[in-house]
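Have a look at this one.
Here the chain labels run A, B and C in written order, and each chain numbers its own residues starting at 1.
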């Protein structure tokens, strides 16, 4: 059961070019393409209404996307605009079209009722447009788990001490586990921030910012926006610099991460992420090094959550026990369940058409 | 739901030699072998009646096929003729045998009631026996789709313009799409012929018959015999030669194709096909070149129908829309449904034994 | 439906070291590890009670096995002994622990009610501890069949004439098929012995004991202990040496085989086996050669039973016919069904707690 009335990341904008690009989202097979004239990207169900052939085998032509089997053409709104050898186009010849918006290097898709697709609800992530101050690199992973397991992962940072010992976690589990955490639920999800003061910097930080001293004040700040987006700002400054009052000081370590989790099926998802270098912006190698470090860490997560998925598929959640470090995760799950409940109630309510 | 009382191609005759040869047909696991004395091919269920072991692990011995586990031997009629260490053979020790007939380089199998297996119903394909006039090569593909999707494919030639642009289709979609088509349903399926007059020859034709001019009259003639056989004669003569009145003139292009679709499972099938060179019969290289061209084209089809199968498995046929070029396909589906309905009604009718 | 109240081989003792070792047994995912202090091996369900993560990704630490995700630690009894960042451990935070006993180079696991896990029921196999008289090598195979198909295999030795023609079977199927067999059912399974007198030795025997003559008296003795263990002693002496009265004479061939079949899932199992050289004990190469011969033979069995499994999964056992050589197999199946019936009846009976 996915939240449907929501914007999900369907693709990195550059993934969709002049050829059809297929991706399954929330169990629905979708094909995206850019209109030959306008360059605007569109998203259609990936199933020709003639014989069910996936449109990904077709080609972009004037007027739309041509099916690779018998040549029917569909525009970005899903209308059939050409049937070879036939003048009249039947009314039923059409495809479902999905609202699709390009913003901040992403293509955002709306999986629910198109009438509710309000573009103003799409997250702002201006750092993707500020290549000078936040040089970044991005990636998309295919992960064999329900997308919520990766959201869970990002709601409980104590895992850094166990999963990421040699990368972003570090040699001081105690600091990570006992970090002071402040959680603030809000209307779209929740915000939380963790402070680890007067502790040694983890290996990744040290490699990235060699000027860091032996003791740092370290923060991890997360904004979770349901269903699957997490905006992260993490960093450290030397202890004594009053990082808590001003994190924007030079000489420290600071990165921004965007995590976008999009369900593919009930048991698989896409993990769109970008990492921005906020400490040595003029050094492309530093941006690349950071990206590589994060890649290693995220592949450590991938291994764990894919194994967790298999176990949960076999056994369900019966008997699982919440612990103290689950606080943000529990708030997050509550937010998601609240949205699903509201969405389901609205779907089941008697439909009343407003009259003008 | 497959038609059972029908002859299907089980194998190319040469595939079945002195070793057991296993193939699943209409969801039934079958093993074929040639009797050591007579050389006649037989077909049995591929499951020993002792412990269920597939007989494909056995060997052909005097008297029949020996199970590779405990040595029971079965003859071509399915009777158990030997049990090691045991004189008496229990009445129940027998296997289902399938009528199997070798004809025109094929082994034809009857999947239904053996009493109804009338050999005179097997298709005649004399071209396989006329190597001088119709030199040919053949193949069998395993395709991950229900066999009907490949029959569909062969009932709507407009797909040549989209799937086979660079091979047998050609650069003139308009001609292919607007070809005059004559469909004649008959008792075993249907016949149809398409004429494309005064059009450029497609790349395959041109490569095969360089003497063809810039404009040709082109035909595609199909005889569909249910459940899964299609006999095709395609060709072209220079425009002005009155091809419509006499297709047997020298200097043109002409090929014969046999398409035999045999269900393996509900979602997979075997595609037996042969292609015969009717234009440069004395040149083995021409026969080989034609075969290679057709192979490329059929692999293009394979990719499309396998993708179509996956989509239809996930979504069914709900909402699909017939178009004008579906006419032969619709007739074909009607013929198949008619046969299935009759077969099912007969199976459900009370059985009356005739008295002499 | 597996027998639960029984000792199964979970692993060769040496397989479980200082890292978590995962194996599924009777459809239950289990992780084994050795306690860092005592070296004693323990077995737990392979699912952390926090978020369901498999514990195989964790590490052995002081006090138990640490989960690789958020650091919870569990001791060999399944108790949670540490939760990072949390003083109080909830009562519900515990894992199922399985009785596990190390004996005769095996780790034996009890899959049923722990209160019934009587160590005195574990099979004695002293030959594993007598490296001088019975030098041996061992192996574990993963086989894609229900474990009973391999027990079946070992209850009917006539298969040697067909499956193992060139290894342990030999060129005289008649002798193997007509061997005099004595079957004695007993409380834990059955015993049977087969004698083939005055016959040529099979290839494996001849290669192992070149001093054997052209005619031998040959025996195969099996003790089956339910659910999945078979102790075998096979050998041969030159005809005329009265082997039937005294098998412990020098100059012959003699091997001991342990076969331990442990269900993984309904359709897969582990085949633990060892082979001991009882004829040229001072020659390590002879032990290795024997092991290699048996490996070839067991891989021949593997191919057959995996194919048999697929057929039986598809068709069930309907219509299968028992033959004379099935006698031991039929007794074995009866023993297993008897145990399952008793176990099930006990499980369904009203529970009465004894009062002191």
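Basically, contacts are C-beta pairs under 8 Å (C-beta built on N, C-alpha and C of every residue); 3 or more make two chains touch, one makes a residue touch a chain.
Remember, predicted model here, so these are calculated numbers, not experimental data.
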| item | value |
| --- | --- |
| Chain contact topology (line, ring, star, complete or other) | complete |
| Cα superposition angle of chain B on its copy chain C, in degrees to the nearest 5 | 120 |
| Copy pair chain A, chain B: interface residue numbering same or different (half cut) | different |
| Centre distance in Å when chain A and chain B are each reduced to the mean of their C-alpha atoms | 48 |
| Numbers and ranges of chain B residues touching at least 2 other chains | none |
| Residues of chain C defined as touching chain A within the complex | 29, 46-47, 49-54, 56-57, 66-72, 83-86, 90, 92-93 |
| Chain A - residues contacting chain C, complex | 152, 156, 158-159, 161-163, 173, 177-178, 303-304, 307-308, 310-312, 314-315, 317, 319-325 |
